[in-house]
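One structure, as structure tokens, below. Some questions next.
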């Protein structure tokens, strides 16, 4: 009578999970399907199963293909560690390192996807996915859950752009989880995703939960494409590469992006394209480039509230030669659309004047590119130069000295004007429309 | 020496979990109690046990009765899929469907509760509960945990109101989890609750966690009744039926309702009755009716901040005939009480004039029914007609054309005045007191 | 082929987990290490392992010492119940109690740490830790996870201050989890920590997740010391003792403190010392003392938004004789630093005039001790006397009567002036700098 719906990849009779966990999981899925019966109007369902991945290193040489609902794949460790630091550490020092790879319940993505032109095309991303989900017909595939394991893309590659270190390109054609067809009520939680060109890509998501994951050192972290509704991206640690998105959503309604801690160095922390009536609240965002929040297409009636935005300068020497290509006039927050609300955010920009692009430019903090009815109120913008910062560091915190710096505080939305040696109060927001 | 405190329902020697998981779990609880010893002042406790429900379909014909602390019941799948869509799909199409029922670790609630008068009475709700928790004496029952399984009420029923489709009534007398006595530090996480007249009902909750669940297509989702304190309802996907509450709390202090994504079609997204010093922050709410947020009784010193409220019109033909019975003058947010704060929210209402009730009425967005000292500040209300919306859809996003629509933006709290063909700036908030 | 990387403490061949789980876990860690191989540049790692603690009572007489990455220690129950209530209940009543101790997967910390001078010194705290994490060399230890078990310090002790009840001192020299060296991507989730002088102490945290725990009746709950960055403390239930911090962070950047429900009676709900560019958003805080939020040192560019702060008077007789020693002029929120943002919070203070310290003082709600550029806007401060509250309770909620109380609402940041019999409108915020 004991349930057959709990599988351990290390105890399955087909394949060797250490050599190719993809073959093993696909075999398990086939077994689940072979045991499922026709739906029964009296209540009999196809309840699915759980696949357990104990801590360990598992090479994946065959793409996992999921086309059943109610499948849970779960491990005992997100296993994140910084591969970026490791790859930028001189090889001779690594000999003394305790470990050099991520761990936990770790999938080593050994697919060898094509990358045709400096980054993977749509079809290449799908082909390069460790976990590929697709099902046609009705109903939409539902309630697949991924929990607490690691998907490690292992290496980035030469992207043909002349970068001298291929491990810093954020390109390898690999995707962690790719959901190709419309889906309902998926859950992705407590995962670790690393060194993938695309972490999670989902088309036509409904009621998706992406919660409490660690998705970093990926070209892009989370992409909700096609269209979608009523989903949440909450409480994640994230940080994409300099070409990519930490969070991207397209033609979405009712998305809740909340309580995430988003590190650099994503080209954008959040990019909404044609997104309506969604929320970005209570997040902490940190970026090295302009355009850290972008609303493109027609983004309307979205709320951006209670977030902390920080832009400063890339401090890590190996990465200083890269950026996202945008000028400082682009807008740290670039808004295109109508009737959005940007309320009660703190925005800090601190950068030495010498790094501004183009030279001498007045950096724009909030740029309303197009649209009307945008309500921008009660935000606090703190713009400081790094020279100013260094100067401050030499100053005591005594009241007498600090009271002279009142101009560091702006009670309304403003552009940031930076000069070389001190902070200057800024003008009101520049509306481009 | 191996622990006896881990039970698998499919490996227990009493009963058949597929036929009646209630009998099996009650037998396991009796076993746990039979092994517990008298509390020991030197540290010996009654640590409880875990009951594991593997993925699978489990009929429940006997109510589970919990009266011990530190019991964890856990599965491997919340198993949500939309039963509402399925029941409103023509039967002939279902033959081709992959599956027609929820899944995961799924409890099929086969209780046959009484429903005396169109909805279950208090006693009927308790009798119709799949999981019933009650313990008298001291201390309060503590730390019961429910995690990652599905409670499926299967069907709604004819409620005697003349509805032609009983599956759309949101009535069946069934409750998912009913906690009858005062309790401390319970956890309900990663669950899927569906097609229950009442999802979770808890009396006298203290330090309760209801986190990261999927509770939808239920008559009511979460009800905290009696009184309670210091609890959190966070990061859930939810949506009640047109008669019920997504979240209801009564005589509570220190409740945190945060980061939830609440879908239609609940009569109210949140209804506080006599709740004080509690927070509703960072949520995304969507409703089809007035009264999406209600403060009744004496609700004081609560904070409603950084939420996104959207009300539009029910788009789904089978449900168009139902609503919650409130007029558009009721207030989308209806506030009774003193010293509450409503700050930094975005509120969108979009509805064609022909749907307003009564005809020609000026819909009220925020209505302060009674009380003083309510601080309503820095909210952005966007009121549009659907005709307006259609018109907008035909307009390009170019700056020249959109700048003429500035009246779509309100920088202060206002009522919504809608006319048939275009948006009109609205008057200041109507205080009824 | 079955994985060896999953350990059950009750099935391990060395030691007896019920007598000393520390010895058992240390033996398991030694086994994990003995099986690890040298890192392999072709992808072979040291993936770690999981250690499972079933529900049960486990004495810990040997400190667990962790020096490997990717270790997950997990149980089946956080097991919190109030020991404070129990220890303040007359012994004769306890005979009838169902249970008197916490439960779940429960570690009974039977270490006997030194406490030299009324509270544990740094070294004593480390020595008194149930779980001690330290590793030298590179890289930083990563991805250790603690999940869903209970660490119970059992008793507080006489602290030499003349307290008549040692169980109310919040001192015992015991720490739940002590992380001594720099670490990356740790996770602490779904835990229960109780009756420890220090719950979690972490030095030099990076990308740490402390999420959805229950940490209460501890001298201090969470302390992030030394320095750190890019971490999150989210969705926890917490409450420290009257001498300690619920949350303390030092020299941190990019910390996100969000969606927590923090009970009394911590000396501070949150104390930031030298913290920059961090967020405190969407929390519910409750305290019995001034100084519930303290920014000391040079705290700059932090965001405090959408929080609910409540201070009222300790209602529990056995604890009435204790407080945190601060006067009511200290500031309920005490801010030292530049360019911080305090936006869209609700702050309630309700206290009878007779409890004010020193007598007759005008309590300060927000005190800017030093610094400039702090943006304090759109907060709602509700200051009431308890006499006023009682008076209100006798008043109906009818509009006529409540409209006269408009002075209970303040639209700007203010100090709180309380008189004995009624509320008086308050003056503008007192800037001390």
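The letters A, B and C name the chains in turn, as written, and every chain counts its residues from 1.
The working rule: a contact is a pair of C-beta atoms (placed from the backbone, for glycine too) under 8 Å apart; a residue touches a chain by one contact, two chains touch by 3 or more.
Just so it is clear, the model here is predicted, and its values are computed rather than measured.
Colleague: How big is the rotation, 0 to 180°, that puts the C-alpha atoms of chain A on those of chain B, in steps of 5?
Modeller: For the C-alpha superposition of chain A onto chain B, the angle is 120 degrees.
Colleague: At the chain A/chain C interface, shared numbers over all numbers used: above half (same) or below half (different)?
Modeller: Copies use mostly different positions to touch.
Colleague: Find the geometric centre of each of chain A and chain C from their Cα atoms only, then give the gap between the two centres in Å, rounded to an integer.
Modeller: Centre-to-centre distance between chain A and chain C: 29 Å.
Colleague: Can you tell me which residues of chain B touch two or more of the remaining chains?
Modeller: Correct list: 235, 259, 281-282, 305-306, 343-344, 378.
Colleague: List the residues on chain A that touch chain C in their complex, please.
Modeller: 8, 10-11, 16-17, 54-57, 59, 76-82, 85-86, 89, 93-94, 96-106, 108, 110, 154, 190, 192, 212, 214, 216, 235, 237, 259, 261, 263, 281-284, 286, 305-308, 310, 343-346, 348, 378, 380, 382, 384, 392, 397-399, 402-411
Colleague: Any idea which chain A residues touch chain B in the complex?
Modeller: Its residues touching chain B are 1-3, 5-6, 39, 41, 43-50, 68-70, 72, 74, 135, 137-139, 141-143, 145, 184-185, 187, 189, 207, 209, 211, 230-232, 234-235, 254-256, 258-259, 277-279, 281-282, 297-298, 301-303, 305-306, 336-339, 341, 343-344, 370-375, 377-378, 432-433.
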